[in-house]
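Given below, in the form of structure tokens, are the structures.
Across the two complexes that follow, chain A remains constant while its partner is chain B and subsequently chain C.
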Partner chain A sequence: MKRASGFRLSLTGIALLIPLALFIIVVFLAQYAWPAIGFNGIRFIGTIDWSLGNLYMNPVTVRGYSVPLGANYGILAFIVGTLLSSFLALLFALPVAVGTAIFLAEAAPDRLRPALSMLVELVAVVPSVVFGLWGIYVLAPLISHYIGPGITAVFGFIPFFNIHNSTGSGFGLLAAAIVLALMITPIIATTLYDALRQVPRELRESAVALGATRFEVVTKTMLPTVRVTLVGGVVLGLGRALGETMAVLMVSGGALNYLPKTIFTPISTMAAFILSQLDSALSDPTGMAVKSLAEIALVLFVITLAVNALARVIVRGATLVRNV
Partner chain B sequence: MRSDAKLRRSTLLRAAAAAALVAGLGMGVAQAAGVSLVETGSSLLYPLFNIWVPHFEKAYPGVKVTTQSTGSGAGIAQAISGVVQIGASDAYMSDQQIKQNPDILNIPLAISAQAINYNLPGLNDKHLKFSGPVLAGIYTGKITKWNDPAIEKLNPGVKLPDHQIIPVHRTDGSGDTFIFSQYLDFSTPSWANTVGYGTTVSWPAVQGGLGANGNPGMVEALKQNPYAIAYIGVSFYKEVAQAHLGKAMLLNKAGKFVLPTAKTISAAADELVGKTPADERISLVFAPGAMSYPIINYEYAIVNSKQKDAATAKAVKDLLTWASNQGNSESYLKQVEFKALPAAVKKLSAEQIAKISG
Partner chain C sequence: MSATFEAVPTKRSSLERRRMITSAIGWALCGLAFLLVAIPLLDLVLTILIKGASAFSITLFTTSSNGVKGGLLAAIVGTAVLSLGSLVFAVPIGVGAGMYLSEYGQNRLGSVIRFLSDTLTGMPSVVLGYFSYITMVIGFGWQFSALAGSITLAIMIVPYLARITELSLQRVPVSMREAAFALGARERTVAFNVVLSAGLPGVVTGVLLGLAISVGETAPLIYTAGWSNYVWNGKFIHQPIGYLTYVIWTFIDQPYKSAHALAFAAALLVMLVVLAINIGVRIVLRPKI
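So, the complex of A and B:
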């Protein structure tokens, strides 16, 4: 009995390390960004204009904080860019991922199944920089010359989908969304495929015995069983999309101080912006610029948490409704 | 029982052999290495530094130099933090930064310049004329079309297209942004009051304005986007020429339109280098004089005067001294269209280099 409790204790300790690491990171971020939180207030998430101010003049004191002259930190454009690109990516990725998982679980030939599933997992391992390079040299010209005019031809009556309302360079919201979709599809697909494989045979056999078609077996019996895992996979994928830095930086076009009018307009996301601003922010003698970047990281973390929580609430709500 | 003991002994023997091998390799590597220097920063200086390094290493065989192109902002930040020994930057440090980091030296290595390039189908072989206020208008979104009256006034007789202008700016902390925004700041009061200058500025909202990473990124952005305009360092003139992009004539302080040539860069340098202070932090942008090209600058090596040991300090001093003297010969500078430091400035640089110790 004594050995079991020691074992249990050490196991608990090790398991607590991960939440502890998360807690430490959040506390560090909040504590480091505290002066920026005080200086920026609520205007931080409501203002589009971001300016580091004049770093070559002497700092001034505004509202009790020493900041560069003209410094004004607002991240609404980046929040919108992050959310738009991530949810658009999810919109593209979800049908493909679910379809891939169902195909792998049900329709793939037995001999090819291991090879195909390994191929899907391999896409998840590709470094994001590679997607970024592909995006610059293949995807952006493709959007500019073919995909963009194609979408405009069909949906052009809606201004948001009309390429003529933008400069048509191919770098922008759509490019970022496609690159992100490519990165999160394998995550969702492999998670769902593993879960589908675990659905007990008896469940499928009883559905077939009751006269269900193959499609109904999958959609009405198997998918509802793995709903929680599907949401888990979606949240994982969304988490990666919200935090993706390098690939998005390379194809998003680096917009500043405006919101996108079309899906072809350049955007900036929070993670990519922190990266691109960091070196210049370090030259701010008051330190307020780097602290504001840390505040962006904090806001990104809060948004990711909120999306996570929302997903779980939706699942619980759907389960409750179903079981009523 | 006997086989267990044998197994344990053979495992121990194998582990000991592996450890000895690793230790031997480690010692061997440590003895082979001399001094290793890392230079990072300005993408404008990067081509020249790459030309310099093989010749420098031949002259000083015990020193190995690694170069990176990451932008002047990174060069300054990493030199201050000590991650690299030499940070290359087109921008000198601000007074506040010097106050906070009194050990950091800004040492000019050459005089460089920046061109305004554009991609206008059919017009790339013409040298269109631009002024600071017109460029400021383009980058603030007040001038949106190529055939805007302000641009047409500067270019009489040229048929400009009725198409939206795509202004391209740098997204990374960039010395090119610094000197470009200084040109706009010094020539256009409205820009000075709203945007100012720096290695990064709050680019006014221009729908469709693009951001690019590094000078190579700016060239790529122009190549892929007709009707775009960008600011690119002259050291990339080969890539610009290969892509058949246009080069602009800029309005200087004396009211004349000039191209970035050896003559116009020299003229601008001659006007202002005499005013270089002892700490060598000075802007050479918007120099007076009829022949002066308005966007020229010192290429700085941002160096900590306190290096980690004597060997590193000597290597750094050797590199900087070699660069300001042998490196400033025409055969190297001609390949990037830079200009050599005048003798008076070389003397000031030598005095700063002497302050480096380890």
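So, the complex of A and C:
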């Protein structure tokens, strides 16, 4: 048994395909995007102007690269759109997820618990594009007719929350954030739910013995013990929200080259933009637009990779601590 | 906390009442939070069920669409080809990697692969689609094709499959492996005939969940599989192929009622597969966990 058998080696080889895939993806994206990285420089993340330039004239040479006249590839608006929609989604999702996890773990009747927790898990498996369809058909009209005017009636004095400062179609930042929140709530909730179920019995019993109400047992003794797991779940949800494509693309309204003035204004995210713009980018004969899209993909990849790695480290650390 | 202890019983009644009320409000908010998750799901399922079912007819399954009306035959066939095709690539690799992680992965290399595999699951699918576009579609010159689409989906589901396989194989008792080795079985025999066959239900679960993922994916397919109004003609490259999720995405933007009906019908078909697999897997597995 000292020498690795051929069988073992071939299994190792198969398993190594996973890191290899990751490596190849990064290398190919970086290699493909390389001219764009050189041409765009810091303007890439520093300007909000994404313009393919004049595609009907001969390309001109700018900074040593052949590009259409007037081409500029700035993605600041999409970075802002991505961050705003994701953080807004987290803001909605976090309290809902915590409440849902507590409800499932502590309030749901034992007989119903499997069915109810399955219901929450099922929210996470609904395909993104189906959420998008629901967003177009149900959510956007709901925002346009009820939620939007409602928010405006209460917070309308703040321009950012006034629907009259937007087209009022319902498609925009808020719709994207709500759909994203729906998609990440089950991720946070199930992570937290699993952790709550594992809190040692002694801990609750001591809290009860001290005269705490059942709700105080949950919030003051159980939640503090699982807070690291909660952070991990939140970061995991953030990773999902940052990279979400179809649902956001369908309900965000598809903004180009402007920053959102209100919560109802159309936005675009990096992921949605990559998908929606490839067709028009292909019309650039110099290929710089397609390469700039690859640069967005690379940036998005690096960000989500970092966020996900962070989440795994946090969750794993939490599990280790709990087992000690 | 200390205030609670030191309070004298006679003074505590008002404090106690406040704590009771706070707790009641807390529980109510938790219930509300649950409803905020459950109601949109139920509404989504009902909406798609009602709108989708009303578009069901025989022609939905027997004819293809011209982009406005017609049926979903091409898309149904395409989704089947793409998802089953992705399993052809993903199952050997995912199950193999899972076997490695479970049987030989208790070392540094194993934890690195485990970590990278989990990270790969978090990769935005559109990034993967773009990667496949510049490599397979452009670089290899396959153009929009079933093969490019299937491989892209396979890269997505391999990490899930590997981890689910690992978890289910690890539940197989060590004593079973020891018994087989004691009988003189070789590593390969132990891995396949003992461990894998004992852990097969878990592996099948992983494969089914992978199938559900690939049936529901859109973003990685748009620039790898393309789209076609015609039923797949059996070619794996140089031939774009249709799929159901594309219908959902594009047909809802058409100004025609018939196109909307097709989008909802496609959504219903996708949801039926995804929910059937996910609910089935959970119901079958629950008593054992």
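Here are a few things to note about the model shown:
As a convention for this text, the second predicted complex is superposed on the first by the 275 of 324 C-alpha atoms of A that agree within 3 Å, B and C clash if a C-alpha of one lies under 4 Å from a C-alpha of the other, contacts with A are read in each partner's own complex, and residues count from 1 in each chain.
Following the convention adopted for this analysis, a contact is a pair of C-beta atoms (placed from the backbone, for glycine too) under 8 Å apart; a residue touches a chain by one contact, two chains touch by 3 or more.
This one's a predicted model, so the numbers in the text were calculated from it and none came from an experiment.
More residues of chain A are touched by C (comparison of chain B with chain C).
Touch criterion not met for A:L91: it reaches neither chain B nor chain C.
In the superposition on chain A, A:I158 makes contact with neither chain B nor chain C. In the overlay built on the shared chain, the residue A:L203 is in contact with neither chain B nor chain C.
Of the two partner chains, chain B and chain C are each touched by A:M250.
Look at A:S169: by the touch rule set out above, it reaches chain B but stays clear of chain C.
Contacts of A:L55 after superposition on the shared chain: chain B is touched, whereas chain C is not. Once chain A of one complex is fitted onto chain A of the other, the partner contacts of A:I314 are absent, as it touches neither chain B nor chain C. In the superposed model, A:S283 lies in contact with chain B only, and not with chain C.
When the two structures are aligned on the shared chain, A:V138 is found in touch with chain C, with no touch to chain B.
In the superposition on chain A, the residues of chain A contacted by chain B and by chain C overlap at 136, 250, 278.
Per the touch definition, chain B reaches chain A in the complex via residues 70-71, 73-74, 76-77, 80, 93-97, 99-100, 164, 166, 169, 171-173, 196-213, 220-221, 224-225, 227-228.
On the chain A side of its complex with chain B, the touching residues are 48-59, 70, 72, 136, 140-141, 144, 166-167, 169-171, 249-250, 253-258, 261, 265-266, 268, 276-280, 282-283, 285. Note for the complex: chain C touches chain A at residues 1, 4-5, 19-20, 22-24, 26-27, 29-34, 36-38, 40-41, 43-44, 47-48, 51, 92-93, 96-97, 99-101, 103-105, 109, 112-113, 115-131, 133-135, 155, 158-159, 162, 186-188, 191, 212, 215-219, 222-223, 245, 248-249, 252, 263-264, 267, 270-271, 274-275, 278-279, 282, 286. The touching residues of chain A, counted against chain C in their complex, run 5, 7-8, 10-12, 14-19, 21-22, 25, 28-29, 32, 95-100, 102-104, 106-108, 114, 116, 118-123, 125-134, 136-138, 182, 185-186, 189, 210-211, 213-216, 219-220, 236, 239-240, 242-246, 250, 271, 274-275, 278, 293-294, 297, 300-301, 304-305, 307-309, 311-312.
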